[in-house]
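Two complexes are shown next, each including subunit A; its partner changes from subunit B in the first to subunit C in the second.
For the complex of A and B:
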């Protein structure tokens, strides 16, 4: 029996959707499969044969864990800073006045700037011989480059945190502004109509829907910041080494036998982002459950 | 290396893994015809007419790129009908790329690769190079094969699997206005570092490790002790002295020896901006190019430490899966011509040393090469020759790099 036209159209749409999804997913699957194979001795340089030696050796290195902790800490700080600033911008400049529009435009300006350009600019600004240091010198606050606190290649990764926060702020600010403009206004008006003061409106109405709406982009920013190579290559210290730098260093190790280590680190990176997504799903599930 | 950031922006390992999937969709493997060796040179060159040669090379220096794209490329097209396509890729990337292509049994994507030392060693180890072929090149007759720097690549015999392209020698770079009396030996350098805290460092990459290797020669009783393959006990004794030397000067290094610039390009920036007083280069003439480009001050000079500085040659090779080995040979031969070698050796162009025996060259070529040494910033040729030390087994470099990372830098090794 022939399908009715709308049903046929729907089936066709589903097929195309699946094909598109497969196209998007296949390189990811290929990458994960190859990484897993190379991490367990089934692919890559040298003789092949399943073994967990590489996994246990790499995961047994304290340096790998230091790298992971440093990367998580830097990415989290940058994401936290960007999120706080994004909420601040969106809340402060949410009206339609000229100043508000100007402030919102300025906040999204870094959006089209490539990460490599952002990192290069950060070096020019923040290095001990950078623009800020030179201004400080001209003003008589600093006697030379060594007086400027190190913000590039610094152990604390401050330059990297500032750069990533600056670069991710516009994206989060844009989402926050849109959230407030679309759903926020009506809900807040209702709350105020029911007699809520400004603080209660923010605490009980605005903040809850704002953070729920912001959570997915915040997790995306966190995952991106943890895996970002450009900013780390330009700004991160040599000890501890950021996870993307450590991964590439192993992938280009002079000793061919150690190149496979990079694939273990790729899996570690994948687990890190996987954990971020998992945490997001858990929080969303918990909060939905409580609401229901 | 240029001072501009030459960061492989998207060189994440996952991407390389993904490229395996892409590569396996490529054409089937076509091994280069082994009988190329029997075709007369003229027929081989004629068969390459109209073809394209893809050259995978480091593209991080604008001067080198300009020489390749604007000088070599148009002449190849005009004289041999060959279109040159220079693409990015160096050292470890080349080895990884060819390995991925081999695993995927895909056709090759490069006809010529710019390599030396450990890269050549690894490519030979993994059987990824075509050859032997370099002895066939007509211009190979002019190569200075008596020089130990050119006839060996990190102690390895090239066996015809790569053709020499240029030579360079390591030099420290300083600003004669800022540092009028620079150190001239490792002992003096140690004193200088301790007397000027925070003003000296080296990078984490190839150039920095080369500095350490020279320190190894100096502290370990001369290069002769390290020749003839890798010796564990010789290395162990010498490397202990290096780590002691470094631990002693560490507090006086830039950032107290707690952080090191990622590559020599970043070290150049620190030097140009006055954060440190020295940078270094594997090419003794780089100071001239960088001054001409306005990156280093007019008063910047190169200097050779009396303990000896490492000189080495760099080569071009043909991958085993190269689609156009005949074209690649024609390009390699042109690169060896006196004309191309002279242009490359000019300091505003590149300042890369020639691999030809200048005195054996016909006509005015010998005079033209001799004139190059007259640049006031050029290091005297007799000093270069006196202090030149050859490379040793790549294992020394590999071990120094790995142990420096774990013992001195820490940060993940």
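For the complex of A and C:
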């Protein structure tokens, strides 16, 4: 009895823990199940009966693939830019002086700014008649709004990349500075004590340490950026359409037969999320459980 | 402190200052700018009209702000009530099971809101929750519960349960232990969990749009509509109002962190 008791408690803890996680995940699971049924004709709009026609047709559309590539490319560029800036900020302002503290505070300040507010500001700033364009005109570089390189609704998605990167930077900078302040400092001191120069310390100790610590939040932020609706709705071009916009466009199509297409796109979106979440947790598992 | 202000550091500081403060300054100017046509760098007239309308309690922004406030407070409360036991249960998982639990809990946080909303809309409609505030509230609770659960998992990972066991062994009932021991210990995490849930609902747009079906007008929905309509002044006013709870929460978190010594910043 005395031996069985801790084991039983352990089993109970595992059961309750996984049940709790399943409860939290259940809306997503329900969404996946319903979307899979609707994408294969078992539920949703139109006539019923299992068929993979819709799946093959939607996944065979070039517009869908362009949308997917554009969305992933834009989110990746923004995340890359934000990660590089986060590392730069963390390395430049890592000391305990007042200037460093002020810089770190400023870097984290936009953290809770809603995506919608960031996108609204970006429109007012970057549009062809926005403030940047007016400054260009005042400086004599631009002859009018048409001269301003398009940063809003542009195919390259520059305005969107900048806005998403701005929105991601505070979180990544916070993680990077915390990493450096906690374990990073001790590791570097050890390396220097063993005779490593500043460059070798950065290359062999600081950078690998930072990059491993930053990878999980970077994957998370990438998933957020790819799924963001507000920034895409306000800044992204109409061709190619970002995946969240394409999903919504199909879902609200006046042609009821096309509405079901949205569920194929929902499945694609949720499956990509699942992959990102799996990767995120796997990296965390590798770095925390299997360390050393 | 040699080299504290090298050129690179000054440029970095200026860049960060500009990036953090310029958006707010711009929105403030835009919210009072009247007849501000290209290529003017400054509005030809200043007016507090949009702020007066807002503060007089009339107009769409005020109504939307009130709706958003109620939804966000409700979401924060639901998130805390559900996430507290969930986070506690999750924190007891270890090894790969802990990571599996965390991955499952992370799903609603990472799922694209449009995909989540489209996937959920049918069940919400068939339950009669579509186009109603209660439906939007429950939809907002989906990512909020997940977020706050992850937060509470962290809280309970470092939680010493011996003090509860002590109380139980001294004869306290489970309810008394929760009421007099656990709850007071968790006062600050609960406040932070509530703030987190509040902010998730406050900034939420796609779930409101799809589950609310245009009938539930929250502040983000109205701000978006004003931007689309080219009504920059009202849009900027609404955007600034959207910033207020976020900044209050950040300031509160920093004040609280100053009290303890683990301030990471």
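Of note:
The definition used in the following text is that the second predicted complex is superposed on the first by the 255 of 292 C-alpha atoms of A that agree within 3 Å, B and C clash if a C-alpha of one lies under 4 Å from a C-alpha of the other, contacts with A are read in each partner's own complex, and residues count from 1 in each chain.
The working rule: contacts are C-beta pairs under 8 Å (C-beta built on N, C-alpha and C of every residue); 3 or more make two chains touch, one makes a residue touch a chain.
On a predicted model such as this, the values are computed, not experimentally measured, just so you know.
Superimposing the complexes on subunit A yields a three-chain arrangement in which subunit B and subunit C clash. Within the superposed three-chain model, A:129 lies in touch with subunit B and with subunit C [touch as defined at top]. Of the two partner chains placed by the overlay, subunit B and subunit C both lie in contact with A:145. Of the two partner chains placed by superposition, only subunit C is touched by A:18; subunit B is not. In the superposition on chain A, A:217 makes contact with neither subunit B nor subunit C. Which of subunit B and subunit C touches more residues of subunit A is settled by the count: it is C. In the superposition on chain A, A:43 makes contact with both subunit B and subunit C. Contacts of A:112 after superposition on the shared chain: subunit C is touched, whereas subunit B is not.
Within the superposed three-chain model, A:277 lies in touch with subunit C and out of touch with subunit B [touch as defined at top].
When the two structures are aligned on the shared chain, A:155 is found in touch with subunit B, with no touch to subunit C. Residue contacts after overlaying the shared chain place A:178 against subunit C, while subunit B stays out of touching range.
Residues 27, 30-31, 34-35, 38, 43-44, 116, 120, 123, 129, 145, 227, 229-230, 233-234, 244, 247-248, 251, 262-263, 265-266 of subunit A lie at the contact with subunit B in one complex and at the contact with subunit C in the other. Across the complex, subunit B meets subunit A through its residues 5, 7-18, 20-21, 91-93, 95-96, 99, 103, 118, 122, 125-126, 198, 204, 255, 258-262, 269-270, 273-275, 394, 397-398, 401-402, 405-406, 409-413. Only residues 26-27, 30-31, 34-35, 38, 43-45, 61, 63-64, 66-67, 116, 119-120, 123, 127-129, 145-146, 150, 153-155, 227, 229-230, 233-234, 237-241, 244-249, 251-256, 258-259, 262-263, 265-266 of subunit A touch subunit B when the two sit together in their complex. Partner subunit C is touched in their complex by these residues of subunit A: 13-14, 16-25, 27-28, 30-32, 34-35, 38, 43-44, 88-89, 92-93, 95, 97, 99, 101-118, 120-121, 123-125, 129, 131, 133-135, 137-138, 144-145, 166, 169, 174, 177-178, 181, 220, 223-224, 226-230, 233-234, 243-244, 247-248, 251, 262-263, 265-266, 269-270, 273-274, 276-278, 280-282, 284-285, 289. Here subunit C touches subunit A in the complex through residues 1, 4-5, 8-9, 12-13, 16-17, 19-21, 23, 26-27, 30, 38-41, 85-86, 89-90, 92-93, 95-108, 110-116, 118-120, 122-123, 142, 145-146, 149, 199, 202-203, 205-206, 210, 220, 223-224, 227, 232, 235-236, 239, 242-243, 246-247, 249-250, 254, 264-265, going by the rule given at the top.
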